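For clarity, chains are labelled A, B, C and D in written order, and residue numbers in each chain start from 1.
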Amino acid sequence: MIVVMKAGCSQDDIGAVVNRIKKLGLKEHISQGVERTIIGVLGQNLLDFQDTLQLLPGVEEIIPVSKPYKLASREFHPRNTVVMVNGVAIGGDEIVIMAGPCAVESEKQLLDTARQVKADGANILRGGAFKPSTSPYHFRGLGKKGLEMLAKTREETGMPVITEVMTPNDVELVANYVDILQIGARNMQNFILLDEVGKTRKPVMLKRGLSSTIQEWLLAAEYILAQGNEQLILCERGIRTFETSTRNTMDISAIPIIKKVSHLPIIADPSHATGKWYLVAPLALAAIAAGADGLMIEVHPNPALALKDGAQSLTFESFRQFMSQAIPIAQATGRKLATSGTKVKS
Amino acid sequence: MIVVMKAGCSQDDIGAVVNRIKKLGLKEHISQGVERTIIGVLGQNLLDFQDTLQLLPGVEEIIPVSKPYKLASREFHPRNTVVMVNGVAIGGDEIVIMAGPCAVESEKQLLDTARQVKADGANILRGGAFKPSTSPYHFRGLGKKGLEMLAKTREETGMPVITEVMTPNDVELVANYVDILQIGARNMQNFILLDEVGKTRKPVMLKRGLSSTIQEWLLAAEYILAQGNEQLILCERGIRTFETSTRNTMDISAIPIIKKVSHLPIIADPSHATGKWYLVAPLALAAIAAGADGLMIEVHPNPALALKDGAQSLTFESFRQFMSQAIPIAQATGRKLATSGTKVKS
Amino acid sequence: MIVVMKAGCSQDDIGAVVNRIKKLGLKEHISQGVERTIIGVLGQNLLDFQDTLQLLPGVEEIIPVSKPYKLASREFHPRNTVVMVNGVAIGGDEIVIMAGPCAVESEKQLLDTARQVKADGANILRGGAFKPSTSPYHFRGLGKKGLEMLAKTREETGMPVITEVMTPNDVELVANYVDILQIGARNMQNFILLDEVGKTRKPVMLKRGLSSTIQEWLLAAEYILAQGNEQLILCERGIRTFETSTRNTMDISAIPIIKKVSHLPIIADPSHATGKWYLVAPLALAAIAAGADGLMIEVHPNPALALKDGAQSLTFESFRQFMSQAIPIAQATGRKLATSGTKVKS
Amino acid sequence: MIVVMKAGCSQDDIGAVVNRIKKLGLKEHISQGVERTIIGVLGQNLLDFQDTLQLLPGVEEIIPVSKPYKLASREFHPRNTVVMVNGVAIGGDEIVIMAGPCAVESEKQLLDTARQVKADGANILRGGAFKPSTSPYHFRGLGKKGLEMLAKTREETGMPVITEVMTPNDVELVANYVDILQIGARNMQNFILLDEVGKTRKPVMLKRGLSSTIQEWLLAAEYILAQGNEQLILCERGIRTFETSTRNTMDISAIPIIKKVSHLPIIADPSHATGKWYLVAPLALAAIAAGADGLMIEVHPNPALALKDGAQSLTFESFRQFMSQAIPIAQATGRKLATSGTKVKS
């Protein structure tokens, strides 16, 4: 951490900062420049002392130097984390496709979709049982019934399933039914929920918050890792910007940045990022080209009748077409689409 | 709701849209322009049908017309809501000051602060027992002990207290100890928590989410109102923008907009909005001038030693100075600072 | 255009709106709903009348329906525009690579770079002679000397050249030396400059402004098109968001959106979008996968000694490596990299 | 400037950075921490060397410490700048009101407005002759005719006038007619225009760009100051955010920040910031309370017939009412509204 002193500060000001640093059990290192003095601060947990030093007379600014996350960093953990989900490896050489309806609506809707996306190469089935909704008057999911349908469909198809858990009380219930616990964008900083999924040993997928920096996202990941759960996947799903043509703006650069600074797998969700079905395929292909470890894509038997987010769902036909484009793009990046779990159970 | 058809769409496309509208039990109203046709849709719960219509051939765009919130709107409820908290009226003619430390740290810290801010005119005591923290390695509050200190300090000073509740399971506990339940910015769309505080009959203060539009904020309010809890206060505390000089950007325009479109009281929290103590007074005064019903301000006996957010806390001295400025500004707007609960118990 | 009336407005209010519409020479179309009345407005140049109608009593909101741009729209001009630059086709089947240094620094720097990027497959040479700089104390380019170096290097290598023009007075000068006039992001709404390049018959590349919506970008394009210059290329180079890991956030979704709503070619500039050389290749590949018609990439013989933007420049080695990745990605999308002008003049 | 080395970098990496620093004629200062080494860099024009150092092996990050602007800083120039405009002092104890129509439309419109706003206490007349417009199909101002009307109205009323200059070629022309040259938000980084107005000795008002940080704004100011023109006023007019209820989000915190870090006067333009007339008064009052040195407010004899921005214009009646609220707010802050130039010439 660096303490930047004001241009005209006194020697007493500098002395007082040095004294405070020593009292806190830290070490100081003074650089007296022509214009101003800067004081390096060495020691542990420096971020805890930022405010304290900030408020001393003559201090202009405190600049943190260390990254505030550790377990999520590649520095701490150089090798890629590979999350294993019933035989599907996420974060390895192969690119994993999660597909399915936004919300679980019925056994038939889910099973039909699962069979179809599996036949076309999807590895994992998605489907929301508990649905966050901006308005209290909209569909909020089938709840436990939806979980049962997910489990049953897994039974029938052999596909691992992923679904969102919205509140700490539901973690155990959801974990009993599905293979990956999803933390939604709006809950990225629901810290008690993060603690709770961190205490399980289930794989977790953590979506980036709409207004979260990459650093805040990794700090949210740190909550889960700090509880001992290392089966963690990150998911970029768009950030909030001034542009209104899309629901959110998919931050494609987050993919190579995460690969550089963290060891965690990263996938992209172009359905939620854009809110428009015709943008899903181009952005999904872009995510693969940028190095994503996987994709989460909404598919519905009849989007126009979907109870939720039909406008961003692919039809069976458009999903199949997308998959035929994804294969060569994956190959062009030197990877390939994962094949685990994609053959229909005989 | 309005369906805008594409410029070159066919009569069949228009017919199909009309049929769908009728099947949904709604009424249509066609305007055939030179360039394009637009179709008005009349009926209930129109937003539920937006996606369905969006996906029909020849449809360019769906434009919602009705506001998606109702209970929170001034149209539905023309008169100002006034929330009564132990004799303090929030949303009436008088401006209410909530003040206190970011986090409850000790009995002495809390009581000293309470006595001081009360002597200087604060009406309600704030203090965090459960603290959200971006990093898992930082102070997260004293929890239940903090609640007990809040209750004890209320006993001693007679000031009503407000504190944040972070998760549904804690709602009952927190409600037993304090007078106002605060929903923090990061939890504005924690819908299950909103349901839960909506089921209590305690006053709730709902902070605006960092990346939430005013409309989404009112929809979050709608969750609480829809559960029957009308004792609701809104709090503007800054939104996330590209500017890095301040922690967030306080959206001063939210204050007159909320007064116009909603009946709910609105207060401002310049401490969290800016993250810098020297910006708190000017922004607090600005909020009063813009029509806010109150303020929430962080005050600490010794900000440089605060366990949390010291850099944004006023000292006793600077709080007193601020209050001396607030009085004439309030008068200049034709209002005055509330005096309920500000006299020290004899 | 649609006039949404307030819920409780009077028949007189509605009558006054209708009268105003008629006086303006427009036609009205009334839909009387249960909750509120909406009035469709039909006619030409409707946007001119938005404010006028907005201010009438009883009016809640005016909703524009038509797109405000015409010449730039695919509706008006269904077939892709292909811009021809000395034998290089931009916007056709092939993907065009523009590469070169951020700023022209010397004859040798430019010529070395041109030869190298051409040998590796670049089609067009970029290089700034007039450089916008956030600070007045930084390098602002070689000016006319830089233009002469560009012309000389074109002579030597046969590569068409592109450079930025920053002010109306320089348009003629710059047009005399180079093949494509670039309008920088900061000048996207420099309307007099847009008029001026619109009056030339030189190809123009219009970068998206940092805080411009796609619609505003197309309206800026409309300025150029309205002057009769149809040789226009768009360039996505990142928008300003709250994220600080990258200089800007490349809006990858802009690429398929532009392809859908406009006929103009669109290329991407990942160097300026990210500001970091190690993000250039992944984002460039992503842009190709998303459907971009080309790329603009900064390359420097020795980025660490560059006078401008070294941190975002590729070395010769990393550019070559990138090109070897771009070829299969382009093929995987069913296109290929353009080869025009890439063979060294014998 | 500080060079942060990577955690695992070698002594050779550190040695190479030190060598480069010395070669550049700068001094280094090494702090070897437990986790990582940081190297302070001392000398002149450090920002020029940021990229160079960034690219050396083992370097994690470069952190600038000095502010990149100098002439605009309060450190360099501790006393408030007061800009004198025909007897009106901007930046002194009194608060200055600029008012008038968005665009000059006719002699009568301008004169009527000038007389009225002067009678109600405005000090300076605003009115656009050259109007930036997002669309090429909208009104772009009366040009030179508009300037003549401004000069004539000044003659009649004695009010100083301010108008926007959009392009370097017009600077001399506009300067011949008006008292303050306004640089619009879209031109904040039109560097050649900044140079040009910097070369005049006319007062300049520099609006903040829609997506400009406060630091970039002060760097734009630096361009003007560096040319020797110190008669400079800043104007906050809203930044672009995700919120769509207002045209832009007025960054009220910019006012106290500018007062702290710079000596330049700062005024606020709530008309452009919000785009809605009913938000103008509350935000204008807020700006005064936050410490603004003045306001720019749009007033039109008949907003519903305005050629531009009618929706954000006050009527004569609402301007008068606003002024009656502004007087006590100004007094409550210990200042008062300026009276120079507000008495009608006899």
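Please note the rule applied: contacts are C-beta pairs under 8 Å (C-beta built on N, C-alpha and C of every residue); 3 or more make two chains touch, one makes a residue touch a chain.
Keep in mind it's a predicted model, so treat the numbers as computed, not measured.
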{"item": "Longest centre-to-centre distance from subunit D, chain (CA-based)", "value": "A"}
{"item": "Selected interface, B-D versus A-D, where C-beta contact pairs are more numerous", "value": "B-D"}
{"item": "Centre-of-Cα separation between subunit D and subunit B, whole angstrom", "value": "31"}
{"item": "Whole-Å gap separating subunit A and subunit B, where each centre is the average of the chain's CA atoms", "value": "27"}
{"item": "Euclidean distance of C-alpha centroids - subunit A vs subunit D, Å", "value": "39"}
{"item": "For subunit A, residues contacting two or more additional chains", "value": "211, 240-242, 244"}
{"item": "In the complex, subunit A residues that touch subunit C", "value": "211, 213-215, 239, 241-246, 249-257, 260, 273-274, 278-279, 282-283, 285-291, 325, 328-329, 331-333"}
{"item": "Subunit A-facing residues of subunit D, complex", "value": "2, 4, 6-8, 29, 31, 33-36, 38, 40, 42-43, 61, 63, 65-66, 75, 240-242, 244"}
{"item": "Partner subunit C, residues of subunit D touching it in the complex", "value": "45, 47-48, 50-52, 54-56, 68-69, 132-140, 166-169, 186-187, 189-193, 209-211, 216, 219, 222-223, 226, 240, 277, 303-306, 309-311"}
